[in-house]
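First chain written, first letter: the chains are A, B, C and D, and each begins at residue 1.
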């Protein structure tokens, strides 16, 4: 690995960290437009973050050290995810450290820690949220894994870089299995990012909330980090989706030329993706918590179907 | 033979096992003297365990050695043999045993069940018999060690025998173990194939025809499965593990279950020459069922040790899945892939031994500190017993299969194995595999759920009972034991390349291939079992990255802003009065699982009526198999006894009639 | 010489005790005579090991590796039983269950019983063998009915009638044997000498011999307790005093089986067919299965272990029926370990029952609390008898099962199934007796726990290591059993 | 020893054998206990005579001893003991049977046929003058067995037992000119001792159940 690749690697992480709140803001803006409301400015999330960073931390009496460590762990996990998902280039020196399966593992790690944090204070809502989060998780995780399996069966590899390369730069072929996988992935990422119809990031309505319930007790810089990591998660999932299903525009080589191509392509794709997300959120209604297993079960099923379809139709390819 | 001055590993191993026996016997000299037993004998036992682990490592690098003791039957003296497979499991036994023994040294308290000296005897007998199981090289010695293992562990399980449930658990355990042993004996009988030679060497020499081989395999699967907790023979496990004292639970779940896995491997890949691919498929299916069943049931448990016991069932299921995959690959003659699956399996054996023992020991400390096993009475212990809590967290992450924990490595390998199945030349298997992979993934995810429940309810939140306030942390010896096991977890999690290099020595003799050089090709840092382009994983890098970002973030935030913290009551959406009782109970946390997997359970609910002044909610979750399998068998036996009882009806005339008819019948018969 | 001593000592002992048996030191005298008998038996054994088979008194007596080992076993168990019965009977006496006169009867009959068994083992004359067996029945009848309770009388009555009738069949068989033999050996006494019969067995008339063997099998089989001739056995074991139960299971059944084996050797020689073996295997298998199912219905502890004796006798009969070196070896080994273990169990049970004041298992609880040694003795003995390694019973069962797998594969699953059922039944009943909280009381006399653990230690040793000379000895015996 | 005497003796023995069989049938059908004992005594007498005849015709000396033994034991001693017992226990009742007499007789016939068929090939081999009697002896044994099964009281059962002994003894003498002396003595001793023990038993049973009906002896069973 050359110095440029290392720079590119770091750059990718930094871009991620920087763009993530923007994406969140963009999604909110689109949603408010679609609901005929007047939108907050695009950089609202940045303001919010800095405000939170300046606020002091109000910590419950019996919060354990774990509770204080979790926000940093979350950020770390999400940064790691951004580092290995090919967004600006597929030639990433750090990518070999973790392949698709490991990526799922890292997301799971983050989830487990935030769930533990939710239970740490010992409030009714906290444990409620953690329980629901884990419920979502144990269905979403295998579904996501199956999506990756479909992709990696096509590309005969589980390393994300290789997958994206094969999908992007091999001669064009239509993979019906990927269609299934795509739908499954969309559903999973909706659930994972606490979006309608599974969760609603905009409310504090006790009975419906999941993500918010867990982080109720956070405040100040901790809350800022949690929010930021949530944004990062959304960013990571979007990039993942784009990389898997619309891999075009991610250059193999290094060099500023490629970079110049890659960044606008990414921005464009993210903008469209964000708008679509907002659209989905607007069109669908929040469902009862015990519909969620069915929803995710469907996603899981679709992913598995995708694999079967691959065995059936694409063995030759 | 052990001729010559050379001091071979096998001599050392046998000597060490003998040392255990001696230590056990020494316990009888002062059975009630806790200082003598606890502070002297058990630490010595731990030392012996360490040495045994070292010996195992040495043997792993040495060529197979045999030894014949002048004991046993006149025509069948005790044969012993240490090859790489035995060596690996000896390492496992020694490694886990060291931690558990040192912990046990601090664990036993006066006036609990059996006298400590007696427990010392039973415990070391248990260890020694397991060591001999892994070294035995003929059917008789194997059976003797095997049953001694069952017997000693039975006595340990029932050491607090005043409680009827514990007696019942012990009975169930020993009964199923015995029935399993019968299956194993039959399997050996088939394996010697009429030659009458019951040494393993003789069995290897036998050519086994297809159906006989299948019969032997089936019987072995039954026998060892009964000990491992394979569905539907798992019923003893969730009863016996909670009943036993925690070090014993740790030993049983961490090591003894692996002994049965060892036996299965020994029979399938060593004694039998041919492996048929459909054996693998069957085991794969059974393993999946077991894994899912185990994890689902552990999610709804309210007793922390039962929870862990069911999670042991789950892990055994995963191990068997890997095993089934290996057999299938082997059956189709794909050595490399068989090696991959087998490596995953062995790796998971090591991992489970480490983290499950750790977790059981942690429950032991909690039990001592709070006198309660019920999750409903615990909580907030991270403040009272930080050592146990943080060490438990290591085990929890490992058990949940999260990177960079060790549980993740083996699951990663397993899933890699699944990704290669498209190569299989058999359509149905091809179709089956994605489903299997999905089930495995789901199991892994669910184990995350379980572990969050376990750790969150026991250690986090607020204490659910007033008495928990004076809970104390574990003692020094206990801490040493826990730390040792946690260190093992980290080691296994962070140095996969080295471990796989060792496992390579085991898989080569069994399936004729290994991942050693492929893994080494990726460099010591990067684990790439096949090639880096295909799949790679580096726990060290992952950990380093996370740590780095963590540190950076902490520094940055504290540097750029401030580090002010104000303590206050929890906000909780502004609810005014909150009590610890408002947290999720174990039942509550398991409720979604109960709802999603309703058909798996046999549930009895008691819902309070809305007008109830003192509302009570009760739910018991039972296992269908009792009613579908075990009770019918019991009834059948009962019926048989009623039939024969008719013979003995007390009338002498009738008795005379019997002998008269017997006489006439025989006279008729010989005419 | 030794042989005379072996036979004379118990006889004299019987006489002496018939006179002084009611005095205080009677128990010690009893033990002393048994000890002397043991010494004599040991000497005899040594002699035979050194010098090989020998005959005495115009060949009326005959000692070879088969019966000398049984003689040694009998003398040994007889001695330990005498040791055990010392405190046991004393307690019975103190509880007013037995008068001094009954004690006298007990002691002298005990010695005479030993005499009859030793006679049956040592004689070379099939007729005398029969006489001795009958005499053994008579003596034990008196011992079984010692308590004079309704139940004990009933048990003794059934025992007398059933065994008497059975033995009568054996006599008819003996007559037929004689009838077949005299044409070859002339009608003077030598025609019933086993050694002579053995030399000419190939020429004995097959039809007669097959008939004779059937009668002999039914006759002595009744005393072995083979299903369906077993019905006397549980009653007699349950109702007699425990030392008697111990010797009945431990010794008498062995002796009866020994008689059957002797006859089988002759029959095999004459018939040139596996008929005898097949019959024995059939009976053995039936006994094992039926007894196994009986076990789980028992309420009385001694009755239960009586059924377990039936089961094991069936197993041994099956082994001898297979009739091949390994199988017979296993059979002999199983005879040894069974009588050692079972008598040990009865010792423990006896103390337990005395402590609890009942033989009903549901009322015996938590022996480990009141007396750990008795509790552990019972627990370990039970595990041993159930074929748990590392005890010797497992060794012999392993050998039996393995040779069954080689010769009669069909029978193996049945046997194993029966063993499994037996395990479930017996262990399920014994565990709560030993463990848990107790209701028992302490007793004035300390229990004689030594015999129990001596026996169990021997059994354990046989499981882990069979002394070479013992193995050699079994091999010789097994060789000529066929 | 001329063939004539031999053949006559043989015929005589056959006659006695027939009588023996007849007697055992009579016992099977007998209702009254005292006459049962008489029948048993008669059986003993027949046995005694037959033994004498065999001894005389074959000149086997030891058979004379056994003949006297029979006389003393089975004709005089045992019946005397039984009579005394009956008187001491003053039981005068009739014998009740489990199955009615005619059925018993029918079964008995079947048994006899079976026994004869069984004994036929063997008696071919017999070198003795009394070959054909083996079947009868066997039949006697089986009939007494049947009697033991069908009788409900203790005393008749014992008598059946003794009758079985007689059958065996007859087999011994007729088929093989008697067992070796030692054995015969042993057998006689056993029978005597057994009888005495039984005598003791009767009293004990009586004082326990104040009856000799063995229906009282059916308590020990598997419920």
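In this text, contacts are C-beta pairs under 8 Å (C-beta built on N, C-alpha and C of every residue); 3 or more make two chains touch, one makes a residue touch a chain.
Bear in mind the structure is a predicted one, so any value in this text is a computation, not a measurement.
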Topological distance between chain A and chain D, in contact steps: 2
For chain B, which other chain has the most distant CA centre? D
The chain whose mean C-alpha position lies nearest the overall protein Cα centroid is chain B
Dominant chain pairing [most C-beta pairs in contact]: A-B
Measuring centre to centre with CA averages, how many angstrom lie between chain A and chain B? 36
With chain centres taken as the means of their Cα atoms, state the distance from chain B to chain D in Å. 71
Take the average of all CA coordinates in chain B, do the same for chain C, and state the distance between these two points in whole angstrom. 44
Averaging over Cα atoms per chain, report the distance between chain A and chain C in Å. 79
Multi-partner residues of chain B (each touching 2 or more other chains): 644-645, 647-648, 652, 656, 667
Give the residues of chain A touching no fewer than two other chains, as numbers and ranges. none
Hey, what residues on chain D touch two or more of the other chains? 118, 145, 148, 157, 214, 217-220, 222
Pairs of chains in contact here are A-B, B-C, B-D, C-D
Note which residues of chain B are touching chain C in the complex, please. 70-75, 139-140, 143-148, 151, 158, 161-162, 164, 167, 170-171, 174-175, 178-179, 182, 185-186, 189-190, 192, 194, 196, 198, 637-638, 640-641, 643-645, 647-648, 652, 655-656, 658-659, 662-663, 666-667, 670
Which stretch or stretches of chain A touch chain B in the complex? 53-54, 56-62, 64, 66, 69, 72-73, 75-77, 79-80, 83, 94, 96-99, 101-102, 105-106, 108-109, 111-112, 115-116, 119-128, 130-132, 134-135, 137-139, 141-142, 145-146, 149, 152-153, 156-159, 162, 204, 206, 216-217, 221, 225, 290, 293, 300, 303-304, 307-308, 311, 315
Listed in rising order, the residues of chain D that touch chain B in the complex are 98, 114, 117-118, 145-146, 148-150, 152, 157, 214, 217-223
Complex contact set, residues of chain B against chain A: 379-380, 382-383, 393, 397, 400-403, 408, 412, 415-416, 418-419, 422, 430-431, 434-435, 437-438, 441-442, 444-446, 448-449, 451-453, 455-457, 460-462, 526, 528, 532-538, 541-542, 545-550, 553-554, 557, 560-562, 564-573, 575, 578, 580, 582-584, 588-589, 591-593, 595-596
Contact footprint of chain D on chain B as seen in their complex: 644-653, 656-657, 660, 664, 667, 671
